[in-house]
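Next up: some structures, all given as structure tokens.
One chain, chain A, appears in both complexes that follow, with chain B as partner in the first and chain C in the second.
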Partner chain A sequence: MLRHIAGRVLWALPVVLGVSLIVFGILKMIPGDAAVVVAGTDATAADVQAIRHELGLDRPVYVQYALWLGRLARFDLGRSAVTRRPVSYEIATRVRPTAELAGSALGLAVAAGVVMGVTAATHQRSAWDAIASVGAALGVSMPIFWLGLMLMMTFSVDLRWLPSTGAGTTAQLILPALTLGAASTAIIARQVRSAMLEVLQQDYLRTAEAKGATRWAVVMRHAFRNAVIPIVTVVGLQLGYLLSGTVLTETVFARPGLGRLIVDSIRSRDVVVVQSAVMVLSITFIVVNLAVDVLYAYLDPRIRFD
Partner chain B sequence: MKRIRRRELLKQAVVRSGAVALALGAGAASRGFPAVIVRAASSPVARNDTFVVSQGTEPNSLDPAVGTGPFQGIINAIFDGLVQWNEKGEIVPALATSWSVAPDGRTWTFVLRSGVKFHDGTPFTSAAVKATIDHINDKSVPATRRGNYQLIKDVATPDDHTVRFTTDPPNPDFALLMADGSAKIVSPTALRTYGPDFGRHHVGTGAFAFEEWVPNDHASATANLDYWGPKPRVRRFVYRPIPEAAARVVVLKTGEADVVLDLPPADIDALKQETGLTARATPAAEIAELEPAQTKAPLHDVRVRRALNMAIDKDAIIRGIMKGYAIPLNSPGIPGIWGSYNFAPVKYDPVAAKNLLAEAGYPNGMDLTINITDGRWAGDTQVVEAVQGYWTLIGLRVVVHSMDFATLLVGSSSDPDSRPGAMTSLLKASPYIDYHLYRMYDSAATNVPGTQQRTGYSNPQVDKLLDQERSTFDPAKRLPILRQAQALIWQDQPLIYLFQMVNLWGSRNGTSGYIVLPTGDFVPGQLARRS
Partner chain C sequence: MAVAVPALPAGQTPAARAVRQFGRHRAAVAGLAVLVLAVAVSAAAPLLAPYSPNAFDMSHTTAAPSRAHPLGTDELGRDVLSRLIWGGRNTLLVTGAAVAIAFVSGSALGVVAGYRGGAADTAIMRIMDVLLALPGFLLAVAIIAALGPSMGNVIIAIGVNSIPPFARIARGSTLLVREEVYVQAARTLGASERLIMARHVFPNILSPLVVEATLRLATAILTVSGLSFLGLGVQPPTPEWGAMMSIGRDYITSSPQLVVVPGLVILVVTLAFNMVGDGLRDALDPRHRA
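Up next is the complex of A and B:
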């Protein structure tokens, strides 16, 4: 077991390094001079040069990368070029709202997705199945910004039930979580349905039914447990989608968060902040996938010995 | 034992796996960074007592010297300037009760209001004014408008309530500079105490004292009970940056915000039908234009530039694309600001434009490039594409290059010789006429490295007239010179003039005590709202 975990952790390290190279590389390749933007409209060429030097942009690219990696390893992220606040402050103030949003969207997606998927699979070709399929198709196809605005129009403007924007209270979390979780709910529901359908055809389920087990026991204890591995995989992958979806959701609902921080910082060419925030999200995703891998081993003892 | 754990896990695995892992990731991240305590929203204040203003942009700083942008409302709430703009576009007293300029035009004396205290208790004196100017000139402070203050050669403080500025060259608009958002007076004690972190500890003399700033969520301030002016009738002022225009419309409709700025043109007509709120379109001190590089052929020829202006049906663009929310522009200045003059419109006439081009030696058209950053304002790309269409109709070959704003600025500030036939789509906002005419048309500004509007336009007569108006202190004598300079510029048609912008904003009924300036800045006064 430990060997399995250790192996997975070791594999994650080169992935982190690769991600850091990509993040750094992309930001180097996009056009636009960060120093010019930071300097502002009334700056002289000398001011721009001074800022370029201050940001280290006048050094060779590989030196910039190495210095950045070194700082990253020490969690010394420097200061935002725009707000002059420490990057760690900029990120720390946004981690919680994003974690709340992505966490509740995922919770919602898993709960609703499993219920929908299991119902659809056990009532195949019934009205439930049709409703779940149509719902899943809608959930996947609705763009976040459109769904978000529609929910706002309905629940904030027309019904006046919920606040439209902002963050801090539970009421303010409901609409963004629904918006962000919709597509994942649909994807998880479809995955649960197909995984369950496959398992439900197995002989041992007929045996279980024949021995007199209740329908609930057959479905949840015998079938669902065996369908759970592919479902966990999808759930893990969904977190990546959710983290990227927070960018749009946070913008539409004017919530603070890592996604919006990244968008704002890209707009203002605040490279230091973009790099660090993207790294935080990437590492989160890597850690989640690591956790999913480890979870497999718990769920299915056979995997431990592969 | 192990079996039970596994079964337990099985039940919860699906529900928790993602959430737990995210929490782990987040936890790891926050453990690595220095501990930061984010203050939770302060004691609940009834919404009745809170005045909420929303606009699209997160402040980069609340330090007046640094934070210039469409979030001026919160800075105006916390800080006062020596003087300020009123709704008629006049300069009126604020922290200074009166001011005068010496006959040589170089010495400006401001008499300061007495008995005023900063929110931290520091008395407001001439030392605070000097500290503020020193702060702006401090190279370690990223003050975006520092260039405008270079004319200040000395700040003298003969006594606590008198401050004397010496400028070189003499400038009749010095009082206007003191009304700028960047010239708001900051507490010298706070500057000393917080140093480079002043941008997070905002101490002014304003009607509201800084309360908290939760990045990307809100910045707030509470009513200053010792305020020297009329005291606000609400207890709290909140600025909320809401980036998505449609969401700003929603908060105006629901009443989650009292005043919302930068509304999308497409929604104004519908908002006007809503009860409980008022949607407005007021002229902005901002114009939309294309800036051609004109040191070389083909755009160095005034006939070509005139023909290009003539070939665009600007009224149709205002009606069709801007939905009527733009104003025809017949001035090289900015209509509505003091000293700006209107001239005979360049009428839409594609046939005459084609003839003029032939006369200038381009019977077969020419190649042009328009550089644009997509999405800087509602409708920008459609407007430029319409222009492209109109020019294609008279036989020109026009390419539109879309690029990010940083790249666009690098282009527009590059040597005009290096980009003949190219122009840049930009908005230009100016607080006063000399600022505008100088940076757009004076050859000392139009072809200097580092300037954004590097068109290379140069007319020695215009330069001379601008020099002259800038050293004329008597408004009655200055206006004719301004008129003459603008008439000359209008003949030269150095820019492709599209239209004047309007500020689109809305307010809940029952709100009062504020103005929205032509610059789009929200200025809170004796704020009140009816619940």
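Up next is the complex of A and C:
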């Protein structure tokens, strides 16, 4: 077990390095001179030269990459070309709205997805089952930004029940969380349904029923517990979608999170901020995936990695 | 040297069976009809669109639907229906091109990795692992940040971020096919590696790749319109469904149809791709047959 975890952690290191290389490489391709952007419009050639030297842009590319990695590890990411504040500050203040959004969307998706999936599986071919399957098909096909705008139109503009923008209060979190969580709810519901249907056919469930266990006990204790593994897999796969989805959701609801920071910084050509924010989200994704992997080993006693 | 193979009676070939199976999947047939219609309308845009997509009329901006403009006009007085028809052309073109790039390069990489094994396999699949370690949409956003927003760059960004699933599927299927008798026979006859990969391996792993491509089109169209919605994709004044919503957003209280309609169209087309994909999977993959 410990060896398995250690192995996974060791494997994550080259992946993080690879990701950092891609992020660094991609953003190195940006046309134009970063030093000119940082220097501003009324800088002299000498100013630009000084800034280029200060940023290390006059060094070979691989030295720049190594220096950037070193700074990344110390979370010393330089200053934003636009706000002039440290990038670490820009990111730190944006983490919370994004974490709240992704976390509540995930919670919602797991809770609603499991309830919908179990109901559909235990009431196979009923109206519930039909509604759940149509809902799942729509959920995965809906443009997330369209859903967000529709919810905003209904609940903020027409009904005036919930605020349409901003972050901080629970009321401001409801619509974005619903928007971001919808597609994942659909996918989780579908997976829960098929995993449950598979387990519900097993002989030991007939045994449980025969010995007089209540329907609830049969479904939850005997069936659901054995359907958990495929469910964890699909939840794990949703994490990347949820982290990516924050970009669109935060833009729709003007939520000051990391996703919105990335979009704004791309528009203002603030390369350092884009690079750092993309890196932070990617590392989060890798770490969470690692946690899901380790969780498997705990959940499924059949998995023994040697 | 040709060996006479007795022909299967018509209607019993695997292809005929797959077509029959697909036909039984009603949602898939409906989805296919929607896609055929969407492609036909896009192709015939110059004939069907009542107005030029860029003809503006500042005296009739954000007009409500009327007989002259069935879906109203946008903020520059352009006919929304015409922009929707022309926009479909761009949205579908970009989506299709991106998935085509991913299909071709992903399959090629996967077949090489699976067939060659060894160092090539390790190198290719480790790169795929790293690409998969980046959340998909974020990778596309980062690529656009580097290349700049344009139609061609959206194709590249989404093409690149869709490569890994094709490579994984192609590699997995190649590992199975590699050991088949017909591949061994070709090898014994002295066929080159390239010929074996192209003529014997690739055609036999096509089914799962086609299913993946169809489902990928659904994801890709959402990414294309999402990037354009963020202002990172197809740029105005070029009509594109996501880009139309991006501008329509500012008029959401007065002219909601500017956002509602393009979104609904994206939803319907995405749903169609997903249904056709599910139908193809049932028809082509015996393990998924219900």
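Following the convention adopted for this analysis, the second predicted complex is superposed on the first by the 274 of 306 C-alpha atoms of A that agree within 3 Å, B and C clash if a C-alpha of one lies under 4 Å from a C-alpha of the other, contacts with A are read in each partner's own complex, and residues count from 1 in each chain.
To be clear about the criterion, a contact is a pair of C-beta atoms (placed from the backbone, for glycine too) under 8 Å apart; a residue touches a chain by one contact, two chains touch by 3 or more.
Nothing here was measured: the structure is a model prediction, and the numbers come from that model.
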Combined model on chain A: chain C and chain B, fit or clash: clash
First, second, both or neither for A:F145, with chain B first and chain C second: both
Chain C versus chain B, contacts on chain A by residue: B
Chain B versus chain C as contact partner of A:T251, first or second or both or neither: both
Contacts of A:L295 with chain B and chain C, given as first, second, both or neither: first
Partner chain(s) touched by A:I262 [first = chain B, second = chain C, both, neither]: second
First (chain B), second (chain C), both or neither touched by A:R59: neither
Contacts of A:V19 with chain B and chain C, given as first, second, both or neither: second
Chain B versus chain C as contact partner of A:M153, first or second or both or neither: both
Partner chain in contact with A:R206 - chain B first, chain C second, else both or neither: neither
Location of chain B clashes with chain C - one stretch out of 62-70, 188-196, 224-232 or 260-268: 260-268
Residues on chain A lying within both footprints (that of chain B and that of chain C): 30-31, 145, 149, 152-153, 157, 251, 263, 285
Chain C to chain A touching residues, read off their complex: 27, 126-127, 129-131, 133-139, 141-148, 218, 222, 225-226, 229-232, 242, 245, 249, 252-253, 256, 259-260, 263-264, 266-267, 270-271, 273-275
Complex interface listing, chain B residues touching chain A: 6, 9-10, 13-15, 17-26, 28-30, 32-34, 36, 38, 40-41, 58, 60-61, 66, 142, 144-148, 196, 199-200, 214-218, 240-244, 246-247, 250-251, 253-254, 256, 403-407, 409-410, 449-450, 452
Chain A residues within the chain C interface of the complex: 14-16, 18-19, 22-23, 26-31, 137-138, 140-146, 149-150, 152-153, 157, 240-241, 243-245, 247-248, 251, 262-263, 266-267, 271, 274, 278, 281-282, 285-286, 289
Residue ranges of chain A touching chain B (in the complex, touch as defined): 30-34, 36-38, 40-45, 47-48, 75, 77, 82-86, 88-96, 98-99, 102-103, 106-107, 110-111, 114, 145, 149, 152-153, 156-157, 160, 163-168, 225, 228, 231-232, 235-236, 238-239, 242, 250-257, 260-261, 263-264, 268-269, 280, 283-285, 287-288, 291-292, 295, 298-299
